[in-house]
Structures are given as structure tokens and as C-alpha cells.
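The first chain written gets the first letter, and so on, giving A, B, C, D, E and F; residue counts start at 1 in each chain.
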Amino acid sequence: MELSELQIEPIVAFALEEDLGHSDVTTEALISSDVKAQGYLMARSEGVLAGIEVAEVVFRQVDPSLSFERHILDGIRVHEGDVIATVAGSAGSIPKAERTALNFLQHLSGVATETAKYVEAVSGTKARILHTRKTTPGLRLLERYAVITGGGHMHRHNLGSGVLIKDNHLVASQAGEVGLKEVIQQTRRNAPIHLKIEVEVETVEQAQDALDGGVDIILLDNMGLDDMHRVVELAQDQALTEASGGITLDNVRAVAETGVDFISVGALTHSVTAMDISLDMRWEVRFF
Amino acid sequence: MELSELQIEPIVAFALEEDLGHSDVTTEALISSDVKAQGYLMARSEGVLAGIEVAEVVFRQVDPSLSFERHILDGIRVHEGDVIATVAGSAGSIPKAERTALNFLQHLSGVATETAKYVEAVSGTKARILHTRKTTPGLRLLERYAVITGGGHMHRHNLGSGVLIKDNHLVASQAGEVGLKEVIQQTRRNAPIHLKIEVEVETVEQAQDALDGGVDIILLDNMGLDDMHRVVELAQDQALTEASGGITLDNVRAVAETGVDFISVGALTHSVTAMDISLDMRWEVRFF
Amino acid sequence: MELSELQIEPIVAFALEEDLGHSDVTTEALISSDVKAQGYLMARSEGVLAGIEVAEVVFRQVDPSLSFERHILDGIRVHEGDVIATVAGSAGSIPKAERTALNFLQHLSGVATETAKYVEAVSGTKARILHTRKTTPGLRLLERYAVITGGGHMHRHNLGSGVLIKDNHLVASQAGEVGLKEVIQQTRRNAPIHLKIEVEVETVEQAQDALDGGVDIILLDNMGLDDMHRVVELAQDQALTEASGGITLDNVRAVAETGVDFISVGALTHSVTAMDISLDMRWEVRFF
Amino acid sequence: MELSELQIEPIVAFALEEDLGHSDVTTEALISSDVKAQGYLMARSEGVLAGIEVAEVVFRQVDPSLSFERHILDGIRVHEGDVIATVAGSAGSIPKAERTALNFLQHLSGVATETAKYVEAVSGTKARILHTRKTTPGLRLLERYAVITGGGHMHRHNLGSGVLIKDNHLVASQAGEVGLKEVIQQTRRNAPIHLKIEVEVETVEQAQDALDGGVDIILLDNMGLDDMHRVVELAQDQALTEASGGITLDNVRAVAETGVDFISVGALTHSVTAMDISLDMRWEVRFF
Amino acid sequence: MELSELQIEPIVAFALEEDLGHSDVTTEALISSDVKAQGYLMARSEGVLAGIEVAEVVFRQVDPSLSFERHILDGIRVHEGDVIATVAGSAGSIPKAERTALNFLQHLSGVATETAKYVEAVSGTKARILHTRKTTPGLRLLERYAVITGGGHMHRHNLGSGVLIKDNHLVASQAGEVGLKEVIQQTRRNAPIHLKIEVEVETVEQAQDALDGGVDIILLDNMGLDDMHRVVELAQDQALTEASGGITLDNVRAVAETGVDFISVGALTHSVTAMDISLDMRWEVRFF
Amino acid sequence: MELSELQIEPIVAFALEEDLGHSDVTTEALISSDVKAQGYLMARSEGVLAGIEVAEVVFRQVDPSLSFERHILDGIRVHEGDVIATVAGSAGSIPKAERTALNFLQHLSGVATETAKYVEAVSGTKARILHTRKTTPGLRLLERYAVITGGGHMHRHNLGSGVLIKDNHLVASQAGEVGLKEVIQQTRRNAPIHLKIEVEVETVEQAQDALDGGVDIILLDNMGLDDMHRVVELAQDQALTEASGGITLDNVRAVAETGVDFISVGALTHSVTAMDISLDMRWEVRFF
């Protein structure tokens, strides 16, 4: 997945407006515009880098004359002390961009790092780790990118790019009166032609009903490992399976070994631990 | 701190645009517009509620005809099973708003809940828990509100509403050539008149220099407990003190007992664990 | 498919800004604000109505105090002389909204009317008429809605909500070196899990290759009727088929009778003939 | 008439956002970023080109590193097979921009081509072909530009840049009680000083009333050829005349020969047939 | 001229965003939300009121539950001590809106008041006082409204709604080589049909050239009173005349008496003296 | 204080949209695109220049290919006839940008010029001249910059970046019941930690109460010179003092001599006299 500047620019602009306010009163009070400096983005803990392009856009929006050199690319595992990038130019511009650039980079690298742990935990199985729609409001696109960067895979981006029939849909469509098979067929008739149909089930029986209705993907919601395994066998060659609900690093391997195709993990994006990254400036040269 | 709709509306609109895409293909394929339903926002774990007004704006933007009743207000501690709010109306509108409303509510309640732990940990001391600028890009205002809701206190909102001279400023302003006292005085001359001046220091000696310069607040960055205590005594009646860096629930009480006025905790907003909240729908009535 | 006000409001606001300029100099020079009037939206030719809700939003944005009553709903076939809706209130507000409301309503009803002709032409076959991405820039969402209103069906909304491998993708991915089967498998590995995979082919041989690769939908681009029929037979139970390219009202029935599942028609949206609709005002009452 | 980038940029950005969605899933699944390609914009039918600058902005917004070379300029008549422009660069960027660029270019060239037919039909008379406000919502500026490019002329851009007293204004202003002459004089007093005053009339008598009121331009709405001719003679040296309503390629010459100054044609913009233009890619070079 | 909410709302929103920042820290620290209060907008000097609707929108945007009662309408002359409007509701909402509401109201009433002085100064002559394009950036629409409210009249709103050939155009079009007559005729051919043509001249000779070219309005730039009078006589029945440049309250009557149709005064909007208006709050009732 | 392009760009874009409308009909009718010209921004009166960077952004947004050379920088006193800047390039682009560039430059230079008069009037005293929040809606940032450019100093930017307890706050918070001291202490507890607390007082007694409450800055509202002097003495070493209300060039020196630290002058921004600056074009070279 690639990020385009068309998409990044407005998100960065909003974040900068939020952080700059009317002006950076500290920097403007102290730093004369004829001072040049360098800043080093440095990893303070181990993790998978994500968002270096976003950080660059932050510096560029604050001051297009800053130079920014990436030393490490997204997707690479960094270690404490690694210099990720160097930014150089007007000394006053760097502190204005610093916090916003770090906020993006630390958050996205946090997402990628956690994703990588799940991916590694299921390595050797066929299961792929998916993001969910439980993302931070405003950051869906970037967090999804970070999941991919960490080795995860793409679930639907939003309500328009995938069909997923959940509990609440069944309640609201009064499926009790018509049965899951009819619900799936009605959906097939009405949904855009490119979209597969996924149904959330909680029991093996529901899974069988969904298969009878011609479902494409079955979402196994908070199901026990044995039941998961039974559904995987039932679905064989007919539908894909996705496990979801209560997945942690402790149980993800066991879930993967049931043979499910996908495991979706909300915590990848709803409970992010920022990776520790700092920016250190060094005085460079004064023009007389 | 109060949130105004003027501020919430555009943030919610952006998040909904992100999640709705062109249309909710599942709901539109399945749910007829003459079905009415109710949804219950229910706590699935213990925590401090924050963002109920934001959630309401989400539902209202999706469908102004939905009714929304708050049962619990922001700042209240909820327990598993508590019904936080009820939303009622067109069955198809509720799933369209559900995920976005929950994403806000779970994230902000997560911030408030974590803040409350820190506030409780220092209770009985004079220390107040502060947010930092290490917030999620785009959510500064809401996360700050959540910190206050959890019992925390307001640091500067952005670079324009507070003066904080940090390491990098000293490098860039070449303070080495002039001394901290001159730096503080230069800042006093140039900064807006309403802003106190805070300086980040790492040693007791720097703290004394800052006091000699007439600093208003001293930020003690990653300082040991003994040194903190010494600075608190030096600053007595002259300046306020703020501890920062490496603060955890394990050490925050000890830090508070050094006598510092403020303790700022980046993790309140940069490493949020979402509170578990769900929305359960119930079929209500069909109009013939 | 339903339109939400969240989506309509900004499109209408942009169109009104475009048409109102700084102010309606004619109306303001002539019409005193204490005059009330009624306006009748009246069909001047036969067709299928689409966009009445958009028209209502136009009037409401110009003047929230106008009352607007719909007499005919979207999807209904109207005839010359039918009164579609009545708008009543301040006489000066109606001419300000008139042109913009009509421009939307005539365009969208034109799309729905043309779509209905194609749908009728294939009635009795299993073929469904699809829109394409050849829409008027800025009106994708509304035109797609108009196609559905006219009895058509949903193709992918945009590049993010469907996979369609076309000629140019094969060129750029250097498929020549690897074969269509590998291309499809690579796409399956990399694309979001909810999306079916469609491939554009020009010959029966390519269609067989695509089937061997496990394609979900085959797009038959400008193919002869006999070849179409052969591909339909090959694809039986393995993949869906879509005919595209050079479809007109004259040949659409013959195409449908080859047994294809879908027929996509670019002209539905790229070459629209506006339906004739007028607004006639009648003086109502003067307040003294 | 010139288009400025200031005006084009936001219109193109909105259209791209509409077509790209979150990302181009097909291209990203298939095309590696180290492949370079060329695309040829090629005419598939005869017509007058309009919008090549808009198309260029589309490609540039998607990827500023693409090179774009125009071979044919707006206003030139192209024939099937003519290469209009070449775009070269990263293979993945071209399909992302293709559809949106073509949608603009085909639509605007369609407008210019149709306009040129009307202009040619009246050649040798003094009549000039005008656009109306019956434009596609959101595309007023671009469609107006396309009309000019096709040889047409500028009517008022919006309600703020011209005075045109229509039927509905007369109803709402209760002209019945005061007479057309008074209406025109009231308008003259109240309207901005730079604006001529045009009145829509349906009979020769009304035209005479308007002339008596000092009208600048008379709009002859759906009037017979003989009556048109009589009004043209009456208006001689006093006012300009514009024919409107029911104008087609079949009757436009006869209308022009009545001696009217202007003929406005709604169909130029409300019922556009897209010109056929395609983009064909060719594989260029792979960097190792 | 009427202001529409469609136009006012975004201007007010931008101004409020500018003044509110993240939140009103004083009000939120002090005023409890269960206190109700009233505020009185009161004139502190004599002048013509303009902008009361804008002020109302400010209060409504800050808090839709505030009640706002207008006691005096735009265009009325107020005197010191007059209560212009009353606002009542939540005590905390009033100070948040106060400054922004007053900034609009004082500025626009300042424009209207100054305009009224010029209008009065020329009363009895046929000259009408016009605004220019020398307006405060961002406030063109509102300032123009204020000029009309003060009794002035509408010049062109912007570069698209009027033709005015100035010095710099003549330089750039190399009129020296072709003569003013040809310049006017070229403009007539190319400009939108509803726009009159105005030419700026500095001498009687130029004015005669312009008349020979068929100009509609002659702008007399910084011309002496005698020359103005001569041009007025030359233009009799052929063109309108507008005086401009160096107009003050001291000389405007003499200029008017030369017989010119219009006098445009840049100072009406480029050098505004705010009218003095205050808001005084009174404590009303506390809810227990 | 520095302006960043991030902040200037949207303000200029809005102003240009306001002035350009759909297109510059005069320039486009007359000036062929192969003509090159130069324009000279020239001072027509004496004053302090402010806003040259804003003017440059205007020209650049209209036509990025224009070259713009600054001859005089912001803050410099210019005299009649001084050439401030030269702009060169396409002849048609210059008149499109001219008025908007001048409107900014004349307004901001007017603010800077007036500020400089006040600053000079108090020279030799310790008093510093401050702006207020009585700015032109939409131009707060630029006008504040102009005040600094003229030698003034920064008051709070908006309601979020400073605490100022005014009359109306005391009414609304029912300070009568609790006393000023408690009000200040309550504010201290609730306000962000970086903000000093200022209180508006009208009498010496109130000033003493504020000092007892630990106020940081006392605002002396419309106080007599003797009382001001008494408060200055009381506040010695405890609080800063700011005089406000009814300050003019005639009395500002006397006010400064009472020893106050700051004098805030609303008229600097609410009643601006534009500085006279013109743009004169010269024909340069025609390309054949």
C-alpha cells in the first residue's frame, strides 16, 4: 500500500494548525533567523518504522527550504540509537515541526511494531493478520498503512468497500423471520458486484447456515478453538474464514493453528503504544 | 473545560466521511427504511466516561431524526454492564454511526480512565497531573478534554499558548554563548505578555540559573528524586515546578512526594488503551 | 441506495456558490421581501424522476423558511404536466434556488430515464445494467444514485472499492512475462480481502486464462456476440461475466441474450440528455 | 477566456478524491514502483479539444513527477487517431489519473464540439452563440470555458453578474400592477451600475413595452421567426436581442437569419455527448 | 441588498475560530454553566447601524440556545445609549461571542455611518455614492452591504462582474498603438454580453475618444471640477459619468454639482473608523 | 513575529476568490498572453511598510511564473515615491493581482504606521504599546503582525492564549458574593498553567483587591492619571500594569509617564487608515 501526497497533505496541515496555533512564541522569541541547525530523528527503542514520509511532509509544510534525508525506510526494524533521518536548515523551523512530526511517526511506528509481533506469532501458518475499523478517528488511512507496513493485511477500508453482515444487521433486518440464507441472498442482489459477502457468526450452526446461503467469508466472533476448527473444515473450498474477538499475543498462534484464513485484531489500532523516537538538534553554522 | 459544537462538528464530519465512504453497502442492502430500532451503548469494562457529547454528534450527523438519551455523563466512573446512552430511530441509521461513535468514545474514555489512575495515585499531595503535546494528530482538543475529565489539568494547548524553552531551543539560540539568564530575559522581552516562561532543565545547577533569570516554571526533565526535591526547595515562592519524563504509575507517587507542583505524563495521550464499550441493537417496531 | 444529507449538503453548497455569486442582483432589485409566492416543479417531458431530495436541499439552503412538498418520489415515471413538487414562501428566495435545483433534477432524471430504457430493453433476461466510472467529475455519487433509481445496478464506486485488471495494468505489470494466471494470483494476495477480482479480456483464450487463474468476474471488452456466448458457457458456475464497450439501445438486448450477468454502459452517465422540467411561480399573498 | 490554476486545482482535487477513494487497489496490487511507462491520450472520434490543461492538472496532482506533453491545444479540431498528449513516468501513477483525466477531457471536448456545430451553422450571420446557466452543477466555469473554446460567447456567469428579468420575477414583483416599464426603471435604480438590463418577453407587445422602459437586451423566449424578426426591427439601435428556447441545429440558422444578436442554447451544457478519447499505455523501461 | 446566511455563516465561523482559539480559558475557569445572564448591545456614539444580522449569527454559532432580540434594524441611525439588541441565556456563552460580534458590528456600522455622511453631503444632486474594490480582504461582501445600508450604491462586486478599463490595461494592451476606440470595440467583442464598458480617463480628450468608441460609463480619475463638468456635458445621453480619486467630505458636494452620475469613494471601506458599541452584561437568575 | 506561508496562503486564497470572481473580464478581453510587463509598487505617502510578503503571495497565487523583487522590507519607513517592489511577467497577470495585493499592503502598512506613532510618542518611558482583540474579523494574525512591525508588542492572541477577567466575567461569576480575591484564586486553580492572570479594574480599591488576590497583571480601564499612578506604585514588584480605554496620540505620553508597563490601543486595528500605495505598469517587451 502506498500513501499519496494528495492524501497526506491535508491530514498534516490539520495537525500542524492544531499544534502551531497562531505562532511558536518560544522559538520566535529566541531563535534568530540567520542560524542554521541540524536535527536527528533517533530511535529510542526497538520497533518497526512507519510514517517517515508523513514526518517529511510535516517538516516541508513548516518550511519548504528544510532539507530532509531519510536514512531508514518504512518497514525496517530499528534499534535504540539508530538515526532514522536528518533534517537541516533554518534553526527556528525545526522545533516548530518537531512535535507534530514525532507524534505521527511514534504513533504509526507503534502500530507497525505491534502488528509485526502478531505476524511473527503466526508465522508458518496460513493465517494473515488484519486491521479492523477500530481505528483512531481521522487516522484510518495512515493506521491502515502502518498495519500493512508491519506485515498485516487489508480488511475493508470503510462501510462502502466491503459487505459484513453483523449481529445488529440481523436484528434490524428481522432475519429471525426469514433465515440467514435469505439474508445473504438479498444482500447479494443489492450489493455492488465487486464485493464479497461476509457474515459474522457465533456458532457452528450459524456458520453452516451461512455456507448454505453462499457466503464468501465467515467471521467467527469470539468462538472457541474447537468450534473454529470445525467451521474451517466445513468451509473448506466454499468460503474463507476470519477469526475475531479477544485475540491477544498469547492466543493468536492457537487461533491461527485452527486453520482460519484471517485473524483480525482491533487492538492494533485502538490501543496503540507509541514507539519512542526523539529529535535532537545540533548547532551548525551562523551566517554573519 | 467545555467542548463546543463549533469545535466538535468538523472533527466528527471528517471521521464519518472516513468511515462511511460512498455509502454503507451492507445496511442499504438489508435494512428497510420503515424499521425502527433501539441501540444501547454499554460499558464492557470499568473506566471513566469521556466523549458522550461527541458520540451524540456522530449519531446526529448521520441522521438528525435519531433520538439520543444520555444516561451517564462524562467524568462518571462506569462499570461493566452499565448502559451509557440509548439511541433510537431508523434501524438503518444506527449501524452507520456505530463504529465512529464507539471509536471516539472508547478512545476518549481510555484517556480519561488512565488519567484518573494517575490522579488517584498522587491524591493527598499537591501535585497535579498534566497532559503534554504528545497527542494523537487531529485529536488534541478532544484528548485534552478527556484528560481534564479524568481529573487532570491543562498544560499549554499548542506552541502559541505557552512558552517552554527546551534543550533544542538552547542549542538553536546558542545559549552556550550567553547563559540561561540572558535567554530567559530575551524571551520575556519578546513573548506575549500573558505567558509565563518555563524552562526545561536537567540539573540542579541549571535550575538555579533559571531561577536567577526569573523563570516562572521549571520543567525537571528526567531528574532523580533527590535532585527534584532540591529544586523544589530552591524554587520555593519563586517559581513553580513540573516533573516530566519517564513517569509511570509505579513512580508517580514518589515524584509527587518531592513536592513538585505538576507532573506531566505523555503516555496519557500517546499510548492510549481504548475502553471497551459496545452498541447492542434491539428490534423495536415496524410501521405498516 | 440512499443519499444522506451529509453527502448532499456540500455538493449543493458548492453548486449554489457557483450560481449565486455575491448576490442575485435581479431578484434583489425587484422583489420586496414581504411578498409570498408558490413555485411548481413541473415535468415538461416523460421520464423517470431522480434527485427530488437534492432539489429540496437546494431550496432549503437558500432559505430554510421555504416549505417544500414532494408530490412524486424518485423512481416514479412522470409525464408532461405532472406537478413534481411545490415550494412556497418568500417570493425572492424561489428564483435564487430555481436554476440550481433544476440543473440537478434535470440531469439526474436524465440519467435515470436513460437507464430505465436499457433496463426495459433487457427485461426477461438475467442481465443487469451497470453504471461505469465514466461519470461527470464531482457528481459520481449522485449519478450512481440516479442509475440505481432508474433500475440499474452498482459497479464499483471508485478505485478503492473494486479490483478490475485492465489492459493498461497488464502492460504496466509486464504480464507478458508472467501470464494472466500469475497476475490474478498476485492480485489476490495483495488486494483487500473483501474484493472480488475482475479481469478485462478481449478474446476467448484470454477468458480461459482468467478462469484458470481463478478470476471472479470476467469483463468482455468489445467482444462479438458469439465469443461472448462462448465465454458465458466457459464461465458457467466459475465466474460472473460482464459485457462492456459499444453497448447501445439497439444492441443491448442481443448482448443480454448471450447470457452475460452484467452489461455496463458508459453512456448512462457520460452522455446525459437532461429531462425537461420547469419551475412556474404564482403570486400568492402580500402581507400588509 | 483563460482558466487559472487557482480555479482548476480544487475542482480536480474533488474529482480525484471521488475516484481514488482510499487507494487504487488494483494498481497497488500489481504494479511495482520501479516500472516506467508512457501513456498516449488519443482521439477516438472527431471533435474540438477542450480541457487539456485540466487533464494535465489531474496527472500532476496524482504524481508531480509525471511528465506531460501537450501535442494539440484547446480549440483545435482533432480526428480519430490523433495523439493529443503524452504522459510519462511511474507506471502505477498513470492508471490512477486516467479515468478522471478522461472524464474531464471527454466532457469538455463534447461541449466544445457541440458548440462548434452551432457556431458553424450560423456563420455569415451576425448572431453569436451563447451558453446559459443550464450547466452541470460544479462545472459552470469549465463548461463555460468549453463553450468559448468551441467558438461560443459569454452570457452572464451567475446571478450576480447580469440582470435578467424573467417571467417568475414579473410574477413575484407583481408587475401586473405596475407595468414592465416601471419594473425596468426600478431595476435600473437598484442594480449595480455596470450591469445591462435584459428582459425576457414572449410577444412583440411585451418587447415594445421593454423598449419603452429603456431595456438594454431583449430575450425572445420561444418566439416564432416572424415575431423575432419584428422585434429585431423594433429594437434597432435601441437594444440588443437574444433568441432562446427550443433552439436546435435544425432551426438555429433560421433563427440567426432573423437578425438577432445572440442565440442561447441550453443543450450545449445540459445535454452533453462526451467525445471519445482513450488512454493507451506502453511499457517503457524497468530500472534494476 | 440582502445578506444570506449561506454567505454569512462561513465568514463568521472563520472569525470565531480566530478569536476562540481552543477555548475561552477565562470564562471556563470562572463561570458555572447554571448561571443565566443578559447582555445589552448598546451604542456608545451616534451612527448608522449595519451588521446586526451578522452579530446575531455570531451569538448563535457560539451557542444556539441563546435568544437574541433585535431592537434596532440595519440602516437606522442610533444615538449614544440606544440599546441595539438583547442577548440572553447561558452566562458563559455571552463573553465568548462578545468581541467577535462587536468587531463585525462596529466595523460595518463604521462603514455605513461614513457612507451616510457622503450621501447626505450630495443630497439634492443626482450623484450617487459608490463603493470601490478597495475593501478589507475577506470582507468585500459585508462592507458592500454596509455601504448600501448607509445609502450608497453598488459598483461592480469583483473583476468578473464589470468591465473597467484602467491605465494599466491600456499600457498592457498597447493601446498607444491602436487608440482607445479600438480598445473599447475589442472589449465589446470579447466581454460577457451583460456588462457595460467603463473606461478610466484623465483628460477631456480621452473622454471624447472613449465616447467615440461607444463607451457606456466614463470614469473621471482625479480630474478638475471644470474638466469634469465639460465631460458631463459631452457625455449627455451617450454615457454615464463617475468621478473618482481624492474625494473627501470637503469636496464631494462640489464634485456632485458638476453633474456626474456617480462618485466612488475608496475611503468608505479602506479607512474605516469603527463605531463605538459595547456589550454590558447583567446577572439574571441562578438555577438551583 | 514571523508570518509563515502555511498561515498566509489560505487568507490570500480567500481574498483572491473574492476579488477575481469567475474571471477578470476586462483583462481577458484586452490583454494578449504574449505581452510582458513590469509593475512597480510605489509609496504615495509616508509610513511604515508591513505586509510585503503577503503581497508577494498574492502575485504568486495568481501566476507562479511572475517574478517579484522586494526592494524595501517590512518595518522600514517609506516616503512618497519610494519603489517598494517590482513585479514582472505576463502582462495579464498583474492587473488580476493588483487590487488584492494593494488592499493587504495598504491596510497592514496603515496599522504599522499608526502603531509607530504611538511607539514614538512614548519613547523614553518603559511603556510598551499593545494591540487588542479589536481586530478586523479574519485579519487578526496579519494585523497583529503589523502592530509588531510598527514597534508594538503582543497582547494575548485570542481567548485561549491569555486570562483576562473583565467586568462581564465578574457579573456572570457573581463575584459580588465572593470577592475579587476568591475569583482570582478560582481562576488560578482552573486555568492552564502557563497563563498569567490579568484583571480589569476601574478603581484603586479594586486594584488593591486584585493585588491581594495575587493577580499577575492589572488592567486599568479608563482610569484617571492620578489613580493610574497610585496603582502603579501599589503594584510595584507584585504585578504588571496595563492602561486601556480612551488612549489617543494626544494623551498616550501622559499615560506612559504614570509608569504603567503596557498601554493597549484598540484603534490600532479597529480604525485603520490605509497607507497610500499604487501599482504602475510599464510595457516591456512583446514576443513575436
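Odds and ends about this structure:
Please note the rule applied: contacts are C-beta pairs under 8 Å (C-beta built on N, C-alpha and C of every residue); 3 or more make two chains touch, one makes a residue touch a chain.
Everything numeric in this text was worked out from a predicted model, so none of it was measured.
Shared contact partners of chain A and chain E, listed by label: B, C, D, F. A count of contacting C-beta pairs for B-F and for B-C identifies B-F as the more extensively joined pair.
Comparing contact pairs by residue number, the interface of A-C is reproduced by B-F among B-F, E-F or D-F, since over half of the pairs coincide.
Centre-to-centre, using mean CA coordinates, chain A is 44 Å away from chain D. Within chain B, contacts with two or more other chains are made by residues 20-23, 25, 28, 92, 96, 140-141, 154, 157-158, 160-164, 191-192, 195. For chain D in complex with chain C, the touching residues are 11-12, 14-15, 18-32, 35, 37, 39, 91-92, 94-96, 98-100, 102-104, 106-107, 110, 133-141, 157-169, 171-174, 183, 186-187, 189-192, 195, 266-267, 270-274, 279-283, 286. By the touch rule above, chain D contacts chain A in their complex via residues 13, 16-17, 20-23, 25, 28, 33, 61-64, 92. Those residues of chain F that touch chain A in the complex are listed here as 1-2, 4-7, 140-141, 144, 154, 157-158, 160-161. In the complex of the two chains, the chain D residues touching chain E come out as 130, 153-157, 160-164, 191-196, 198, 217, 240, 242, 262.
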